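There are two complexes below, and they share chain A, which is joined by chain B in the first and by chain C in the second.
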Partner chain A sequence: MEALNALGGFFTSIGGLVADPINLLVLFGAVVMGIIFGATPGLTATLGVALLTTLTYGMNQSTAMIALLAIYVGGVYGGSYASILINIPGTAAAAATALDGYPIAMRGEGGRALGLTTTASAIGTIIGMIFVVSLSPLISELALQFTSFEFFLLAFFGIIISGTLTSPDLVYKGWIAGFLGLFLAMVGRDALQFYPRFTFGNSQLDGGLEVVPVLIGAFGIPQIIQVLKDKFVPKQAAKLDRIVPDFKTIGRNFKHIIRSALIGVGIGAVPGIGEDIAGWVSYGTAKNASKTPEQFGKGSYEAVVSTETANNACIGGAMIPLLSLGVPGSPPAAMLLGALMLHGVAPGPMLRIDHPGFIGEISAILLLASIAMWIAGMLLAKQVVKVLRIPPAIFMPIIAVLAVIGSYALGTKVFNLYLMVPVGIIAYFLTEMGYPIAPLVIGVILGPMADQNLRRGLMISGGSFAPIFTRPVALILFLVIVFTIVSQLPFYKRWMGDLRSRVAERRQARSSSGANKPE
Partner chain B sequence: MKRVFALVVALALVAGFAFAAAEQEFPARDITTIVVWGAGGGTDTSVRVIMGEMANELGVPINVINVTGGSAGSVGMAEAYSRDADGYTLAGLSESNTTTGVMVADWDNTVDVWDWFLVGGSPDVVSVTPDLPYETIDDLVAAAQAAPGSIKAGAGGAGSIHHVNLLAFEQGSGADFDFIPYDGSAPSQNAAMTGEVQLVVTSVAEQAELIRAGRLRPLAVLVPDAFTISGQTIPSAFDTIPALAEVLPIQQAIGFAIRADAPEEVKAKIGEAFEAAMQSDTVQQFGEERFYVLSGAYGDEAKEIMQGLQSSLSWAVWEQGIGVDDPASLGIPRP
Partner chain C sequence: MMEKKQLRKADFVTSILLILFGIWELAQSFQMPMRDTYGGVRNVWYVSPALMPLVIGFGVIILGAVLMINSIRTGGAADFIKSVQSFSLKISDSGVRFIGTLLAIGTFVYLLIPRVDFFMSIVFFLSFFIPAFAFDSGEDLKKLMVFYGGVCLIMVILFITPAADALNALFMFATDVLILIATIGLNIYAARLAKGDDTKRSRFRTGLIVAIVTPLVLTPVFRFFLLVPLPHEGGIVQLMQIIYYSLR
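Let's turn to the complex of A and B:
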């Protein structure tokens, strides 16, 4: 019944919103702004939403929501540009996209990759939207199954899985990088007792390491050094003309799209985690489900489509607890909460009573934003791909300047630069030694969540780990983590290899004996 | 030669304008307000609303930026304080900033270095999950006295205003709870939804939606007067537990500040604009929607309020063992 009401509001809203030319102007303007924010390393979707919130104060509520959701959608999508073209994720959400997007661009198919991610992102957003409108109440109840232990396990899983997926040679290196990130996350005052840890009396470190300078330093600086050192020229220019949606590839990857969208919505719906984890988890699942997992990391279309669908589907997912519980599902959604409050809408369990059409309206805006994103993306991608034609000797210093500005812009703190540069240099040497950098960044992002929730969980249980085994969601997460680790260990691989060859032998024996019978 | 001459003329013109601007009455250019807490939070939203109205009064745009980090907003506060005391930089602050002197080594100032303008704040309320049998604050206190530490109470991290309110409530009532810290009010309330804690102490504004939906049962507000929200009156805990009056209220105070050494005429101009902005429909409506008790205090009155909060909060965090500078050494009297 509730879903039907929301659906009714949805259709009336679309008509009302499109009828106003100002709304359309704001819609496209905000989407393009979001794409630019997303594509610039250092400027994130969160920052975009935060900055725009101020500007929307004078607008009416619908126009403001259009602006904010459009910049959110554009920002999450735009991150893929930098990932694919320069191997520096524009946002943390697009970090997993870089793994395969960049190799594709190196093959000279940057245009095709961008066309694919554009369509995948649009589909992801729309699927997320469908969940907002139909399953809001149901999903928000599931989110209530998450207590401290579940949050800890989820964060730990995020670090382990990104370590597993990104290691070029030894999986242990990925885990080591992840734990290094976890250690960096311990710097600063802890959020529970507020005790300073590893701050050396410097109050700038009290608040912990900020993610954005770490992200830019860790991904940007090694990339800049590497490209300048190798005098590397990407061989892309030849195939720039083909920026087409490439529906054939989309169709072939349809099951990946649906699966990734569901993962994205699910992860978005869990409060506190967002687009970045959705990208990684979806990447990992796609790799496991793929018929050609060996292609992952070398420029697989399945990978790019999966990560980009998931991180955009996450937007809808993150709206669900925001609208039904007043609990933001992701960092940009936390900004949205503030913006909604400014416009006199208090999200929460009472929202469906106070503002009956509001969920329908939000869904309508999400649909419009994803269409606008697709159109803007198709037009922009062609121009943006041209940056690859710029010689690296000119391009990389520009990226370096942008990285510095990006780190500084967030909070206008010079300290962020002191943070970015050493992190970048450490990351360069780690890369040289074959350690993946992504798990380190994921560790920094998820570290506080893992730390706080583990300690809080133990506080609540009186120091006992029993709840991990007695709570169903926690147990499932725990088993998934154990499996993720065990499946990478040598003895398990050997055992599985043996099993597989034995099964194959038996099957062969059976089929050959079967084939022999008629004779 | 011609070019050099043109340049000199241009420079002279610019300099002339600059001097003219300096001569002009305050405010002659944009004002920047540095909010030391994150975008979208309580301080941020309140400051943005009041700045929007004050910009109309003063006739110049006011840019609101967020400089977060450090402890108790120390990074943003140091940034705002390092700028000229000319009124073109304001600091968006809250009651938690009164503990900065105790919390960080490199900020040794007290609230006296600022002149405060207080928008207001939302009172703290003690609520339980509806599955608990307690209908009044006395039921709760009796149960907590009978089995000390059996009820899990969620609030923000150690030293946050809600934690200090919980501590004062325990002290005044003789009840003993098992305090579980969260990194903010929203996560602590969410934990009550999942059943992880049974009691939460956060502000009425933060709990409003959950109270109205019946997902939290408010027992009492920790201020002397009852508070009405959507027709439901929440009694004051002071009514039945008079001892609370000795340790409470410790009430949220959100607003902004200007360096105390700024020129008096600038402070007066800002005071006028602030007074007018507080009376505006936008701010009044904002206060009502957000369940604030609007203050409007500035000058000596505001300074006195902040000094009181500074005593309660600074000594509370010092006794929690998380401070780095002894409040006594900063000249902060015990509450």
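Let's turn to the complex of A and C:
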């Protein structure tokens, strides 16, 4: 009965949203803007969500969510344009798509490839949406049983796992980034005793660092510096024929779509891990499962369909921990968290109680955004491709202006700008030196949750850490954190290496003794 | 991202900075109330505001030390010492572009936005930022940086001395007029640099249009539709206000 009620609420939400022409206008406008952001190398879905957040300030909550989710969906999908047509991923999420998308375009089938990625992305988003609507309430229900220790460990787990999985160089660089993010979150008066921490007597810092300017600085400024410093030159795009949805190929690859969607949702649900990892994992899995793995890298449709389904399904996955636990599943979701707080919505276990129907509304928006993305992709692809010809030296300065005014407009504080620039420069140097930015951002967002819940938990237990070992969820989280850290230590890696070689030796010995046995 | 060898070299410097940062952070944390009374509340260690900062400080020091050990083991520290011995001040082309980007963003945020009319500050900023990189010439970038940097330096002197206030008292929006003159000068200079090169001329034209259209769209959107009070509303924004309210 509850499921039917939820379904009813879901369709009511769709009806309510579609009935308002302004919503439809915002939906299509934001999707197209997202596609442009995704398609343009140097701009990302996260940056799109960050910059649009400011413009949604004056909108009502539903319209704002439509705008932000639509640009997110469009941005993740739009990355495939540059991957397929110029062999440069528009976003990191579409990096795996370039491996096979570009060879397809080189065969003169760019339109067919884009048609496939458009349909696959739409299906991926819809499958992700199904998981949001079905899993989020269950996880919220479970999370209502969480005490302060579980929330502390959850926040810490988010930072550690994000650091472990997103680090392009040494794993502990991800953890360092997470700790730096946690430090930034400590600036300002603490919520329990109102004591000013690291404010240097500056009253502007009393309220802490505002999340949105920090995020815009961390994602926007490094992007601008990198593109202009490295002198990115736009390449000649491959010729684009008619965009066709090619449902036959989609039907033939249906099992790849389902598997990739599940991978996307699963990876999206892990805190801080973005669409790029979903794309690569899905690519690898599709190659291993394929009957024609030799075709991968030479223009395989299976590959393109798999990566694009996974990265868009990741959106739904990333929304699950965001809505049910208040922990963002990906960098754009972290930006969405900032936007939600701006609109007076505090995601987490209490969301279903404070804002009943909100999860249904988000799912409805995801469905509408995927439909709008499909329509816009089919109709406007040829026009959107023209943005690939604009030199970055023209649009990057505009992005700089938007980043500055975006950071200022939310709190109308020039001080936010003064903070955004150093955060951006530090983030740029960190990126150059192989530190991932996602854990830093996750640290900034989850820092207050970790701090307050640790102290609150200890206050209740009288300074004892025993509840961590007596409460099952807390114990599991604690063990996962310990295992994640220990598994990266050299002694563990050596031990695992020895174990693997011993097992291999035994197997070899067994098989050779079996072969030597007289028949 | 840097190459592997460069990364290990950078790791050595970063590890030192991280350890120093961790020590500073711990020193700050130990000054926070741990046992004594704060705001009428008697503290115990586990509710102290220092608890999480202490965890972070120790974490950063430990991870910084691990990074340092790895850098020493992999030869990063030795490479760093060698590079210090053969240090030269020659800045590469990408280094100049990096400085140019920082110059543009830094002056825009710290100098122009808080003190100059919002519209004019964007036009001036874009008039430098777009041609400087769109011309795709290291020499032009350096020349434009010198021109733009010079104007910014004059503006800094004006604003840190009572000169700007005196000028504005003499006639309204004097600093905005100065920026307007500087913008025109900057554009004439950029046009001269683009002379004789069709690609540069076309990019200069596009840049000029973008530099004017961007604030022309953004200013009304933020000021009149989103009702955001702009950081500095000078002559042009006030003119826009007069037009907007006379049309309403």
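As a working rule, the second predicted complex is superposed on the first by the 269 of 519 C-alpha atoms of A that agree within 3 Å, B and C clash if a C-alpha of one lies under 4 Å from a C-alpha of the other, contacts with A are read in each partner's own complex, and residues count from 1 in each chain.
Here, a residue touches a chain if its C-beta (ideal position, glycine included) is under 8 Å from a C-beta of that chain, and two chains touch if they have at least 3 such contacts.
Note that the structure is a prediction, hence the values are computed from the model and not measured.
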item	value
Partner chain in contact with A:M459 - chain B first, chain C second, else both or neither	both
Which partner reaches more residues of chain A (counting touched residues only), chain B or chain C	C
Chain B versus chain C as contact partner of A:D498, first or second or both or neither	neither
Which superposed partner A:Y195 touches (first chain B, second chain C, both, neither)	both
Touching partner for A:Y408 - first (chain B), second (chain C), both, neither	second
Partner chain in contact with A:L337 - chain B first, chain C second, else both or neither	first
Partner chain(s) touched by A:I398 [first = chain B, second = chain C, both, neither]	second
First (chain B), second (chain C), both or neither touched by A:D20	neither
Chain A residues contacted in one complex by chain B, in the other by chain C	54, 57, 192-195, 412, 459
Chain C partner contacts - residues on chain A that touch it in the complex	54-55, 57-58, 168-170, 172-173, 175-176, 179-180, 182-183, 186, 190, 192-195, 197-198, 221, 224-225, 228-231, 391-394, 396-398, 400-402, 404-405, 408-409, 412, 414, 417-418, 420-421, 424-425, 431-434, 447, 450-451, 454-455, 458-459, 463
Partner chain B, residues of chain A touching it in the complex	50, 53-54, 57, 144-148, 189, 191-196, 201, 203-204, 206-207, 210, 271-272, 325-327, 334-339, 341-342, 344, 346-351, 411-413, 415, 448, 452, 456, 459-460
Touching residues on chain B, where the partner in the complex is chain A	39-41, 44-45, 48-49, 52, 64-71, 74-75, 79, 103-107, 152, 157-159, 180-183, 186-187, 190-191, 193-197, 208-210, 212-213, 215, 285, 289-290, 317, 320, 322, 324
Residue ranges of chain C touching chain A (in the complex, touch as defined)	1-2, 7, 10-11, 14, 18, 25, 28, 32-33, 38-39, 41, 43-49, 51-53, 56, 59-60, 63-64, 66-67, 70, 94, 97-98, 100-102, 104-106, 108-110, 113-114, 122, 125-126, 129-130, 133-134, 136, 203, 206-207, 210, 214-215, 218, 221-222, 225-229, 231
